[in-house]
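Pasting the structures here.
Below are two complexes that have subunit A in common, paired first with subunit B and then with subunit C.
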Partner chain A sequence: MQYFEVLGLAPRLTLDLKDLEKRFYAKSRELHPDRFARAPQAEQQRALELSSLLNDAYRTLREPVARAEYVLKNSGFDIGEQRSKDVPAELLEEVFELNMALEEADRPQIEAAGVRFEKLRAEIDQELATRFGQWDHAAESGTLAQIRGLLNRRRYIENLLRDVNVHLSN
Partner chain B sequence: MSTFQIDFGGAPSKVVGIDLGTTNSLVAYMDLTGPRILGSIVPSVVAVRADGSFAVGEEARTLLLTAPDRAVYSAKRLMGRGVDDIQEELKLFPFHVSGGSESVIRLQVADKTMTPPEVGAQVLRKLKEQAEAELGEPISQAVVTVPAYFNDAQRQATKDAGRIAGLEVLRLVNEPTAAALAYGLDKRNEGTIAVYDLGGGTFDISILKLHDGIFEVLATNGDTHLGGDDIDNLLIRIALEDIASEWGHDVSGDQEAVQLLRRNVISAKEQLSFIPQTIIALDYQGRHYQRELTRELLEKLITPIVDRTLGPCRACLKDAGLAVEQIDEVVLVGGSTRIPLVRQAVRNLFKAEPHTELNPDEVVALGAAVQAGVLAGDVADTLLLDVTPLSLGIETMGGVVAKLIHRNSTIPASVTEQFTTSIDGQRNVLIHVLQGERELVKDCRSLARFELKDLPPLPAGLARIEVKFMIDANGILQVTARDARSGQETTVEVKPSYGLTDEQVEAMIMESITHAEEDFRERQVREARVEADNMLLAIEKAKQNDAWFALPEAEREEATRALNELLMVYHSDDHHLILAHIEKLNQATMSLAENMMNTAVQGALRGTKID
Partner chain C sequence: MAYSDKVVDHYNNPRNVGSMDKADPNVGTGMVGAPECGDVMKLQIKVNPATHIIEDAKFKTFGCGSAIASSSLATEWLKGKAVDEALEIKNTDIVNELALPPVKIHCSVLAEDAIKAAISDYKAKAITETAVTA
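For the complex of A and B:
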């Protein structure tokens, strides 16, 4: 996987962000177009390609969710946007209550829902971390499938939280 | 074409850094002792003199007062914009826009039509000359700064200005980032800094992380139409109303009066940064207007303008993922940060005492010179990692924008998208690229349209075209496309929505060369005439000399003929002709000169004897 390669890493879902940053800075010094400002055109173009790859890689890998999506995509998983009507079954109740609260503009209820969703998201992140470790230990497709499920739920909750925050800031 | 290859090739020459400002511009160079300003500050004003030649800087600023329709200022506000974008500016600035200005604005200045990049090129040429005079060698490469919040078209227009001026723009650098470079040089190694840049026409805020010589921009935000100009316009409007009620007639349609008032208003505003009260005055056509203005009142008036800078600051912090407390230092840049109220606003927001050690007028140019040093390979440890200020996207179904590269992504940045056809046998696919944060096409800025052409005729949906969108280190978009099935490059012809085409820029470069040739020819003619003057004067004198009368008749006649011929060609525009006749006269008077020489020598010898 190119993004890991350009940073001199083996594909891993758990990354040390300090180490990642150090690698990014070191590679930037090497590849950035500023280093080739007066080089022949072909070399300048190469620096442009490589340093954009490096930047794209760093931007993706430093975010756990984007990183996992990248690995999923490169392992043949479809990570396309989930349609909004596909409410995860275990969230049906929650979503129903939130919609009620939003409709009635019931601020305390909306706030309470926000707190619950944040807690749910934290739980998912916890579980994601565990699955990441599991995959790093043994790269099995089954683990990735579980991760994709978690990511879908997480995205769903993110969207709900956005709705909550939009309402609360109005 | 070849003229430029000669210019740009060869041994490494010096690279200068240029701050091409809305109000003022400067050029700087970095040597072993550090960056320094070359020559003086140049007001970004361009005027056309009565004889049709250009005046730039101070002289143009003076002309602006007496002949406002012969001068342009604040043209940077128009860079890379279309006529629809500038309706607001047109109400406040005396820009005379001429016809055919849809994708590039054309300004009427005296009897000339100029695009904003050409106005910028005049300023750049002046700076180039200043740098050449101080460094004693031709300069053909530069780093030029732009407001961080400039979009693609505005950046491209700035690059075009460089090309027209005969400068290869090696890199566009964001102004606040350049300022950080100037500051960071001998300062802290680690830390997070905010750069707040409020100039004449633009406002930028950038947050950077410093680490061992790496300047990593975390986020940037701003407003390309916010600055000291807005304060000036507000004060002018108030004064004009005041004058109208006092004099009983409105002078707001009179450009000369408005420009005079503008200068006085600016000077009053600038004084109030240092003293508590002053006056705004206008003497015009025998009438006198005068009004006292206190700093207190000024602050009340401009609070809404200053407050407009706070939103972008908060958004920038949020994008950087930082709380105010995590900002270690704040740097102030731009002339308008001399205003105490602005400083107070920054202090309140960032809860830190802002840095003002470096001259806010010079700091951007100094930083540009540092970056020039980096590109020239003279500065080894410093590296700038900047970001794109605006998201890049493409138009999809229903006029919605799909974001491809998000704002604040480190540049160069790229993304590859797959496109396909929607009808059987479709040969072309049209792609519309936009910049901005909004969801709908109509709320974003159209950057360019391009067509993937000559696709193999296939059933709908089978074609696979990979398009790579790349934002380069200047913040400018590049597009390449490839047929994913055949692996072949596909032609992409990008039509920028705003700005000059390559052909137009080439034509402007040619025009400036033609003018340079004209200028050069004119100088040669003048030099030839000076030489002829000297010759004619010498002959005039010689005719009083005994040697002239001692010449044989035929030789005297011949010399007189040559003299008359020179007088006849004297006013021609052909310096070769003048020089040829000078030479002819020279030949015809050869023995006269020799005789005179001998007489002189004899005279001198006699002289020594007498002594």
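For the complex of A and C:
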């Protein structure tokens, strides 16, 4: 997986952000255009491409959700390639009901829902952290499937939170 | 991105929004979703058991304008069709009718999935019903 490689890392879902930042700065200096001012055109071009890859890699890997999506995408669990049959019916029922409730709620109820959704998201994040550790320990696709499910749920909760904020700002 | 006039029309005046009794043996319910955009779509059909004609269709979609328009259009098309005819509705028909851009094609796929899910729910119920009566 290129993003990890360019930063000199093995694919991992749990990363030390301080270490990641250090690696990013060190590689950025290595690839800085000033150092290639006198280099042949092809080498300059190569450094430029690598530095653009490095920026994408850092932006993606420093966010746990984006990092996990990247690993999933490269392991055959791309979010865009799921059909609705891959999404459990209970999750859809739950999200549908939550959406309905939000539509009919008054302001205090919406505020309460917002608090509840944030709590749900925090619970998902905690479980994600556990699964990340599990995958780092033994890279099994069963774990990735579980992470896929958690990230789907998280995406729905994020949308609900977005709707809560839209309602509250009106 | 600009929505076509037809999408805007369905979005502003959605047809057949609502729900029917899930427990009614003549009602088929399809609930589908796309995590990528966070959409949830519920589509229901009410079938006349004697004629196998879809007499009513309702939907409720939480999602973008294209998802709402796709499901709204689907309910319009479903009404008056025989169940097996309804199975022939393809997502590409919806794409063409609504002039959906490539990034919104998945919304039409979702609507097609919802139609199929509602019909298979109805058929599963019909079989159980027959078994009980027999």
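In the analysis below, the second predicted complex is superposed on the first by the 141 of 170 C-alpha atoms of A that agree within 3 Å, B and C clash if a C-alpha of one lies under 4 Å from a C-alpha of the other, contacts with A are read in each partner's own complex, and residues count from 1 in each chain.
In this section, a contact is a pair of C-beta atoms (placed from the backbone, for glycine too) under 8 Å apart; a residue touches a chain by one contact, two chains touch by 3 or more.
In this text the structure is predicted, and so the values were computed from the model without any measurement.
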item: Winner by number of subunit A residues touched, once subunit B and subunit C are compared; value: C
item: Subunit B versus subunit C as contact partner of A:N152, first or second or both or neither; value: second
item: Subunit B versus subunit C as contact partner of A:I79, first or second or both or neither; value: second
item: Subunit B versus subunit C as contact partner of A:A37, first or second or both or neither; value: first
item: Subunit B versus subunit C as contact partner of A:R29, first or second or both or neither; value: first
item: Which superposed partner A:N165 touches (first subunit B, second subunit C, both, neither); value: neither
item: Partner chain in contact with A:L53 - subunit B first, subunit C second, else both or neither; value: first
item: Which of subunit B and subunit C A:T130 touches, first, second, both or neither; value: neither
item: Subunit B and subunit C contact sites that coincide on subunit A, given as residue numbers; value: none
item: In the complex with subunit A, residue positions of subunit B that touch it; value: 12, 170-171, 211-212, 214, 216, 371, 374-377, 383-385, 409-415, 470, 472-473
item: Residues on subunit C engaged by subunit A in the complex (per definition of touch); value: 31-36, 38, 40, 42, 60, 62, 106, 109-110, 113-114, 117
item: Subunit B contact footprint on subunit A (complex, rising order); value: 25, 28-29, 32-34, 37-38, 48, 51-53, 55-56, 58-59
item: Of all residues in subunit A, those that touch subunit C in their complex; value: 79-80, 82-85, 87, 89, 91-93, 95-96, 99-100, 151-152, 155-156, 158-159
